[in-house]
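Pasting a structure below so you can have a look.
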Amino acid sequence: MGIVLGGHQYGKAENRLVRIHRESDRHEIHDITVSTTLRGDFEAAYLHGDQSAVLPTDSQKNTAYAFAKEKGLREIEDYALTLARHFVEDVEPVRGARIEVDEFAWERVQVGGEGHDHTWVRRGPEVRTTVVDVEGGSAEVVSGLRDLVLLKSTGSEFAGFMTDRYTTLAETDDRIMATALVAQWRHAARADGSWAGSVDWAKSWSDIRQILLEQYATVHSRALQQTLWEMGRAVLEAHPGITEINLQAPNKHHFAVDLSPFGLENENEVFFAADRPYGLIEATVTRS
Amino acid sequence: MGIVLGGHQYGKAENRLVRIHRESDRHEIHDITVSTTLRGDFEAAYLHGDQSAVLPTDSQKNTAYAFAKEKGLREIEDYALTLARHFVEDVEPVRGARIEVDEFAWERVQVGGEGHDHTWVRRGPEVRTTVVDVEGGSAEVVSGLRDLVLLKSTGSEFAGFMTDRYTTLAETDDRIMATALVAQWRHAARADGSWAGSVDWAKSWSDIRQILLEQYATVHSRALQQTLWEMGRAVLEAHPGITEINLQAPNKHHFAVDLSPFGLENENEVFFAADRPYGLIEATVTRS
Amino acid sequence: MGIVLGGHQYGKAENRLVRIHRESDRHEIHDITVSTTLRGDFEAAYLHGDQSAVLPTDSQKNTAYAFAKEKGLREIEDYALTLARHFVEDVEPVRGARIEVDEFAWERVQVGGEGHDHTWVRRGPEVRTTVVDVEGGSAEVVSGLRDLVLLKSTGSEFAGFMTDRYTTLAETDDRIMATALVAQWRHAARADGSWAGSVDWAKSWSDIRQILLEQYATVHSRALQQTLWEMGRAVLEAHPGITEINLQAPNKHHFAVDLSPFGLENENEVFFAADRPYGLIEATVTRS
Amino acid sequence: MGIVLGGHQYGKAENRLVRIHRESDRHEIHDITVSTTLRGDFEAAYLHGDQSAVLPTDSQKNTAYAFAKEKGLREIEDYALTLARHFVEDVEPVRGARIEVDEFAWERVQVGGEGHDHTWVRRGPEVRTTVVDVEGGSAEVVSGLRDLVLLKSTGSEFAGFMTDRYTTLAETDDRIMATALVAQWRHAARADGSWAGSVDWAKSWSDIRQILLEQYATVHSRALQQTLWEMGRAVLEAHPGITEINLQAPNKHHFAVDLSPFGLENENEVFFAADRPYGLIEATVTRS
C-alpha cells in the first residue's frame, strides 16, 4: 500500500477589484472580490517540484484584472463564466475551474434629490455572490447572497418541541427571530451547455431576493426551519429556471431581559442580542 | 518620591441591546451597543481591594437594560444623557460618567411596495454614534457616525505635493478617492446646562450626514484634506448649534492596475482596492 | 415535478466552554469552542412547523456543558465522540451527529522558573481541532490544527513555471515562504467501530504537528505544492493509523520592496507582507 | 465668529513590514506593523488644496521600508525614534511625528531539539508595542504590549461591593479571572533629550512583562482593580527608569454554568466564556 496524492487544486484567493464604467459622465461601479481555483494534472509540482504545468496564481490574478477591462464586468455571473472558460479552454493543463465572486453594493449619493454621477455610498452588509464551476464542456452557475441580516419583532413562536434530560428552554408564542441569511440557488443549464443570454442575472437576483424578504416577513413562523422551507419553496415556485436553493440561517438569539428584579415588566420590549452561541439551521429545497 | 494611583475609570463595555416599541402594530426598532464608564473615588478598590464604593459593572449593564424600558429608547443622545445623569446623581461615589452608544440602522422590509410593520433588514455598514459625558452638573454631547464608506470615481486629483529622497509617487489629476468616514460633532450646551428639548437629534443627525455626503460628492478634491475641510466648514456654517466637528478619514487606496503588459490601456477603469497600508487624514474644524 | 425538502441539518454553533480540572491544587484547563449538528428526520418542522421531533439547539448547548462535567473533558476527540454518540443513541429522531471542536492553547505562567498551578497565558494563534461524525454505528474521527503560521526566510524558490499572455511574474531562487496552515488528518477506524483507548490523541497530535513543522523547515521548497506533499507524505509514513491528510495553505506573499529608487540594494532583507490576495494551495495525501 | 481649522495630522497607517537579518546563516526576523503620523503647518492643503507642504503618505511608507534597510530594525523603539527624528529634522514643514509600531512574535521551529536557522512559527496572540513621539527636540518613548491573554482559575474573589436598585450580582469568593491585557509604560527621558544607548529595550520589555505575569499569578485578587494596581506598582518599584504605566484590562467574564437542572453540581469546573459585554478596568500607576 503506497502513499499517493489525492485531490488537489490551487488558485488566487480574494482579489479585490473595482471596475468603473465611464463611457458617459454617469459612471457605473462594480466592486468585487474574486477568487480563482484551478483543477487539473498538477501532480509533478507536488511530487517533484516541477512547475512546468503550473500557471502562477499571479497570472490568474492578472487575468482577473485584464478581463475586467477586456471583457467588461457588468453581471458577476457572466464575468465568472468568461474567466472560468478561459482557464479551462486556453490553459492546457487545466481541466476544471471554479470562480467565486462577491459583489459589494453601492448606491449613488443623493445630491439635490438626484443620484450623483460618480459618487457612491456603500450599502451593506449584504453581499451578492456567485460560484461558477466549469469542468470540460459543462458549466454550473450558482447565484446567491450572504449577510442579509433580517429581524422580525413578532410573528415567530417556538413551542411543542422535543424535550430530554438536558432541556430547560421554555416554550414561547412570541419572540424576536433574527438571522444573517446565506442563500445559494442553482440555475438550470441549457441543453447545449451554453448560458449566453439565457438569464437576466440582475433581474433574477433581485426578484429572488425580494421573495426571500417577503416570505421572511409574512410567514407566521413556528420555527426558523419552517421559514426557510417557505422561502425556498416560494423561490422554486416562481422561478422554473432554478433547480434548487440552499439556505443557511444562524438563529441570532435575542433574549428578553428579565427586568422583574427592578420592578419592571418586559413585554418583549428589551432584548439582549447575543453573539455566541447561535443556532444554525441549514436546508436545501429542491425538485423531485 | 512615591508610587501612586493616577487616572482610573471602569465600566461595562459593549452591551448589545435591542429595544422594540410595540405600542401599536407598527413596531419600531432601536438596535444599539452601549458602553458605560464611571469616574470617581474608587481608590480603595485598587489599593486595598475594598469594593464598598464600587458599583459592579453588572449593575451598570442592568441599568442600561432597565432604562431602555423605564425611560424608553428613541434618540440615543437622550438615552445616554439619562443614563449618565443617573450614575452621577444617584450613585454616590460617581463623579463623572461617559456613555458611548452605537446605533445600527435597519429599514423596513418592503412587502407589496409598503414597509412591513415588524420586519426589518439591516442597512449598513454605517453606524450612528453618540458620546455623552457628564461631570457634576455639566454635560457634553457629541453625535456622529462611523463606517460611512464613500467613493468617487472622478473629481479627485493629487499633485503639486512636496517631494523628498523617498518620494516615488506620480502626480495624478484623476483618481478614485474612497474613505470610511468617522465624524463626530459637538453640540453647544445651553446656558443652564440642560439639553431637554433643545435639539431634534434625529433631524440634526440626518441633516449633517446629508451635508457630509453632498460635500464629498460635489467638491472637486485636490486632496482628501481639502474635502475634509469643506465637509466640516459646511456643517458648521449650516448648524450654528454645532461648535466643532472632528473628521477621521482613511484614504482607502484604489490603484489603477497596469494592464499594458497585456496590450490593454487602463483609462481609470480597473482598480486594485488595497487593504493596508492606508493614508489616514484627521482634522478638526472649529469656531474661532 | 414537485418541490421537496432536500438535505437538512441543524445544531448549536460556537459554544464557548472552559473546563477546569481541579482535583488537586495544580489545576488543568481546557478551553474549547464546540459546535453540534444533528441529522435525522426533521421534515415535519420544515413542512408543517411541527417541532415534536426537534431537540432544541438550547438543549444541545446544555448537553455540551453538562457532558464537560459528567464525562470530563481531556482530549477533544474523546469528548466529541461521547457527545456525538449520545445524540445518535439517546435522542430518537437523530440519525447522525457531527461535532466540531476547536481547542485554544494555554501555557502555565512561569513564576520563579516554575509553571504556576492555576494561572495561564494564551499561546496562539494556533488552534487544535477535531471533527467527529457519527452515523448509526460508525464513527469518523478527524484531528487537525489551523492558524499554524509558518515562515521561512530562505530555502524556497519558484521557477520554471508555465507562462501565458497574462504572466508577468519573475522567477526567483530565493524568497520568503509563509503560510497559515490548516491540516486535518483522518484516523483509521477499528474493525469493531470502537475508538476506546485506541489512540493516544494528545501524543498523536503533537507528533504529527512536529512532523509538519520539521518538513516545512527542512524541505528545500521548489513550490508550496511540493512542501505540502512532503508534509503529508511524512505524516502518513510515520503514522500507519492515519489514512489521509488534507492540507490547505494560503501563500502569504512577502514581496521584497524595491529600494533602488533610494540608492539601496534590497538583498531579500525588507519585505512588504501583503494581506490580499493570496495564493491558496490545497491537497490531500492519501493511501492507495 | 469664524470657522477655522483646528488640530490636524496625517500619515500612513499599518505598513506591514518584515525585516530579515541575514548576515549569517542564522537569520533573524522582525515582523512589524508601523504607522507614521505627522504634525505641522499643513493648513494650505486643507484650505486651498495646496499640497506644496505635504509629503505624501506614500513617501512616508517608502521611508519606513528604506530605513528598515538603511538603519536596520532590531529594537522597535530605536527604529521608531530614528524614523520620527528624520521626519521632524529633515522634512521642513514637519514639527512633530508620532510613530507607532506593533511587533509580532515568532519563535524558531524546533528541529532535532534545536531552533532552526531560518524557519519560524508565530507565537501569539501577544503583541509588543511602542509609541514614539518627537516634537521639536524632545522625544517621548512608550513601550508596551497588548493581547496578553491571561486566566487564573482560582485566587480571585469579588465581594463587599456597593449595591443599588439595579444590582443582582451575587458575591463570590472564588471565580475565574481572565483578561486580554493592554499595558503601556513611559520611559524617563534623559536630561539631554537623547536616548542613545540609554535603555536595553529588549531586556526592559521582557523584565516588565515577567513582572506583569507574576503579579497576575501571585496576587490574591479581591478585584481586577487591585490586580492592576499591584502590577503597576511592582513595575515602577523594580524599574526606576519607568515614570508611569497605564493598564487597560477587559474583564473577560467566565460564568459558571448552572448544571443543577441536570442533577449535577458545578464546583467551578465548567464555564461559559462570554464575548460581550465585558467589564473594562483602566488605571494609570505613576510617581508622586
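Going in written order, the chains are labelled A, B, C and D, and every chain counts its residues from 1.
Keep in mind that, in the parts below, a contact is a pair of C-beta atoms (placed from the backbone, for glycine too) under 8 Å apart; a residue touches a chain by one contact, two chains touch by 3 or more.
From a predicted model like this one, the values you see are computed outputs, not experimental measurements.
Of all the chains, the one whose CA centre sits at the greatest distance from that of subunit A is D.
Should one ask which of A-C and B-C has more C-beta pairs in contact, the pair is A-C.
As for how the two copies subunit C and subunit D face one another, over half of their interface residue numbers coincide. Averaging C-alpha coordinates per chain places the centre of subunit B 38 Å away from that of subunit C. Taking the mean of the C-alpha atoms as each chain's centre, subunit C and subunit D sit 30 Å apart. With centres set at the average Cα position, the gap from subunit A to subunit C is 24 Å.
Shared interface positions of subunit D, defined as residues touching 2 or more other chains, are 15-16, 62, 66, 166, 168, 261-262, 275-276.
The touching residues of subunit B, when paired with subunit D in their complex, are 1-16, 35, 37, 42, 45-63, 66, 90-91, 93, 158-164, 166-169, 221-223, 225-226, 228-229, 232-233, 236-237, 244, 250-251, 276-288.
Of all residues in subunit C, those touching subunit D in their complex are 15-22, 27, 29, 31, 62, 65-66, 68-70, 106, 109-111, 116, 118-126, 148-155, 176, 210, 213-214, 216-218, 254, 257, 259, 261-262, 264, 266-275. Considering their complex, residues 165-166, 168, 261-262, 275-276 of subunit C touch subunit B.
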